[in-house]
């Protein structure tokens, strides 16, 4: 597992320390609090803290809409209503904080989500760890010819071996040189007095983008759902999608009603354009429609037909 | 007190319900959780939930800066360091959620702080309560002639009486007419069948700006400090400053080290312009400096002299 | 029209002043630059400045996606693609600045859109104008019984007369008292020396929520589309919807391709939940489906049937 | 220079195309519009578009504060006043859009400024260029022993040679392998049919952090000043500071009054803590003060003495 010794002993410490609180508390999430969930070869996601639960969403909504009875089925109904009508502010009333370890090239995509709080491990201050990401052979795929940002066929075993050897040797070599440039033991003690100890903020530029970094990432539930709707989607790169999937499972423990509503109304739903709606109406009324007269491009037409379970 | 019956019984319920948690927990804040702190005549601030404590700030900083010993004095020292050097992201790792009742004209200033989550009571959906703000006589002051956004002399008892009568009668009259326009009991039952029951979203426009509204307001500690630095300042309007002061006391319970650092380095500090620094240097080296040659305007000069404890 | 004399002469001045620029420039928008478009009885929207055009969206996208030919039809195709796949960042590369005059109760809804820059007329510093909103009789409607935030039947002429008289007399009275409380001519000169001149920041609380305020509002095109998708929608309150509609016409002049894409893929499209998609598939394959077994609530079922042009 | 052929011909095209506009226009900025300013060995900053000028700041402020005469010296005075009193919203009314080419490790710091719009060159879609950053010998420095995030002594010529050779050979090797992994000509044509053409989104992970990326970066003036106050500061890493300095010169052309105010009141000013103010007061009244009784740490004391021009 990807935790270092200090982190491991910290987790043991945190897991033992129990307090009483009047705050909203979710037992299913408490069970896995601080525990790392492994992602990729050296990465992880673990929950550090959280605020609120399904009831907190309902409670915030009722500040706006007034009050009524509070049976469980009504709570779920209200959460579905909020999700469906894009009443997003009650979901902002829940907050979660993660500790995440992830490859640098994944962190660059992740950072484009601006509505979150981040504290990242700084290679200006500290020395980056020696772990880098190496894909499993089954995730090594060729460039897609139809989709410029996608993958296609998986490489053969032989091809994969060639690629992995190359990635591995370059990563190891750049890290070895990174250490030579630093020329110190992490406490500021020079190792080889005949060579310079280059500033950390400079030496880091020699590392490749598959090295792992770490951060604390704190976000509200509404913005987390937005992140998940983009990153748990089939179009997302595999290496970030697995993080999104790990987080989805955590969300299910945390706010099960909101999770169900998110799946039903957003992740597993679909947005229809104006001409797509017209096509469906025509089809339902028994008319035949041709792509050429539909107002849809060929690609849009095909995607709609797939969505409707029809032959393309 | 400004809580209605439903809110009161809710608080009693919440205060009794205690859970165990592995999360960071602050006993001094738990003691007042859910309890309203009165502000103005009918307003209040109460803490609904919180995430993190002083240690969470330190822990987030150490993700970035690396790790060392963790004695209490070092935690405080690190928090001071972060505050002083404007390393703001660790403070973003703490979050707090308030339930606040406040006059509409105060809410309009408050909303300009955009980096927060809000759920406001909606007068489109529900009927606004009958409470309005009436200043205490000692807070009724004349327009300042020197400061276009300020107050000056307090009104005489007679003048105050005249003003308060006028504010009171207009507020009461517009609310009575609001109810006539609504012409319903809050459950949608028409009261007088001979008059129309105007849509709530329209009727509300007849209310004056001193009526109270309510909201949930959730914000991270860094942005809360920014809010407090502007609204707990002497230049802020009295009616919002009292809210900021109530929140300051809550912050002191929640994150005492961060609170001390905020007072020391921000709220009770001062920013010096380039020419102000030059003036101080000259004075310290024994030279006399005149305002006219200082690069400071007359007003800047006076404010600097006051700050330095010198005769103007 | 709702412009005061100073504003009018400013517009005349601005409209005459013409410069040369190498920046992206849109003639159709230049034609109406600075010109107020009337909204409601005393409100307006006018464009003060803008940055970018349809080509700027394309150019920003091509920074990300690489480059190809640049025929007009390809630009439009790329913009459609971006809108459809929620690639929102290229739309953020366009920016527009409005001067808007609007009733206070509308401004309170508007402010909930946080990702924008605002400078509002301050009643702390200045004296608010005497204009208030009075709905046209045809926009005075009863509270909807089915939709707690909606309107239903329009009032009769007699009922409308009663409502308007009441709104008008209260607004006029509170403004008259506002002036009495201020007791100054706007330049700080006291009018009646026997009465106090109350601080502006206090006197303003006596005004009703239908008084007009003004602001500069600056926003990028992506966030403007989000605003429009919520506020040009049929569920939005009439009094904010008319502003959204006025802005939609301006957007059509400014970025015609992006405007068309927004209508086609968002405003006139619809989001389908997972069970709604399943219902459509079943219907298309000739099966009959009942609401009770569809996974849709009665309301969701009805809305879907309306959308598909079927009898409910 | 770091522009490729396509970019160069684009600039020539843009610079020739001139339109007339009624918008606020700044001739000093028009002169350098689209022209790249070189930064580091292969980077650049160039202005693509802008909105507003010094007058736009004043005009927005006057929406809030009311109106008066508009002589030039009053405009400058008002801008100074706004900067000094942290009235930030008028500065948000100006916007600027840059095209920037910068090393990946610099882009990672830059991205922490979240209140901006970005379109970055995507190595998922396209093939990254072959340029990487190599510091000049005079910018290669040893790790500071006192400041964990800083540099100290410059390397000797011999040491620098060793470091540069190492950085250069690793960058060249990883790029060569990147090309081997891609095994295509950029148009999707495979080069060597005996090797796989790895997906672009995977191949990119083999590059080192000194490779250059490009983006469009759009930001309002207030947030740009915040960026500059942190990144044009002496504590910022050299490689991002040079970008901030290049942007400062551009800001000087664009909004000269705001630029002067920023230097005077922020960049060249200093924030004093509460105990620092007390020390200054004591010194001015002729008392001697010791660090040990000042409430300042040793480091704070030294920094204050340097600021006041006194012996430490």
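Should a chain be cited, it is by its letter among A, B, C and D, assigned in written order, with residues numbered from 1 in that chain.
We adopt the following convention: a residue touches a chain if its C-beta (ideal position, glycine included) is under 8 Å from a C-beta of that chain, and two chains touch if they have at least 3 such contacts.
The model shown is predicted, which means the values in this text are computed figures rather than measured ones.
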| item | value |
| --- | --- |
| Steps needed, at fewest, to go from subunit B to subunit C via touching chains | 1 |
| Chain pair with more C-beta contacts, A-D versus B-D | A-D |
| Intercentroid distance (Cα basis), subunit D paired with subunit C, Å | 35 |
| Length of the line joining the C-alpha centres of subunit B and subunit D, rounded to whole Å | 34 |
| Interchain centroid distance [CA atoms averaged], subunit A/subunit D, Å | 29 |
| Per-residue multi-chain contacts in subunit B, two or more chains | 65-66, 89, 112, 118, 122, 125-126, 148 |
| Subunit A residues within the subunit C interface of the complex | 65-66, 77, 80, 84-86, 89, 112, 148, 230, 235, 263-265, 268-277, 280-281, 283-285, 297, 300, 307-310 |
| Subunit D-touching residues of subunit C, taken from the complex the two chains share | 6, 14-15, 17-25, 30, 33-34, 49-52, 56, 60-61, 63-67, 89-90, 92-93, 95, 97, 99, 117-122, 125-126, 214-216, 218, 220 |
| Subunit B - residues contacting subunit C, complex | 103-105, 107-108, 111-112, 114-115, 118, 122, 124-126, 133, 135, 140-145, 148-152, 155-156, 159, 162-163, 166-167, 170-171, 173-174, 177, 180-182, 184, 188, 195-202, 204-210, 237 |
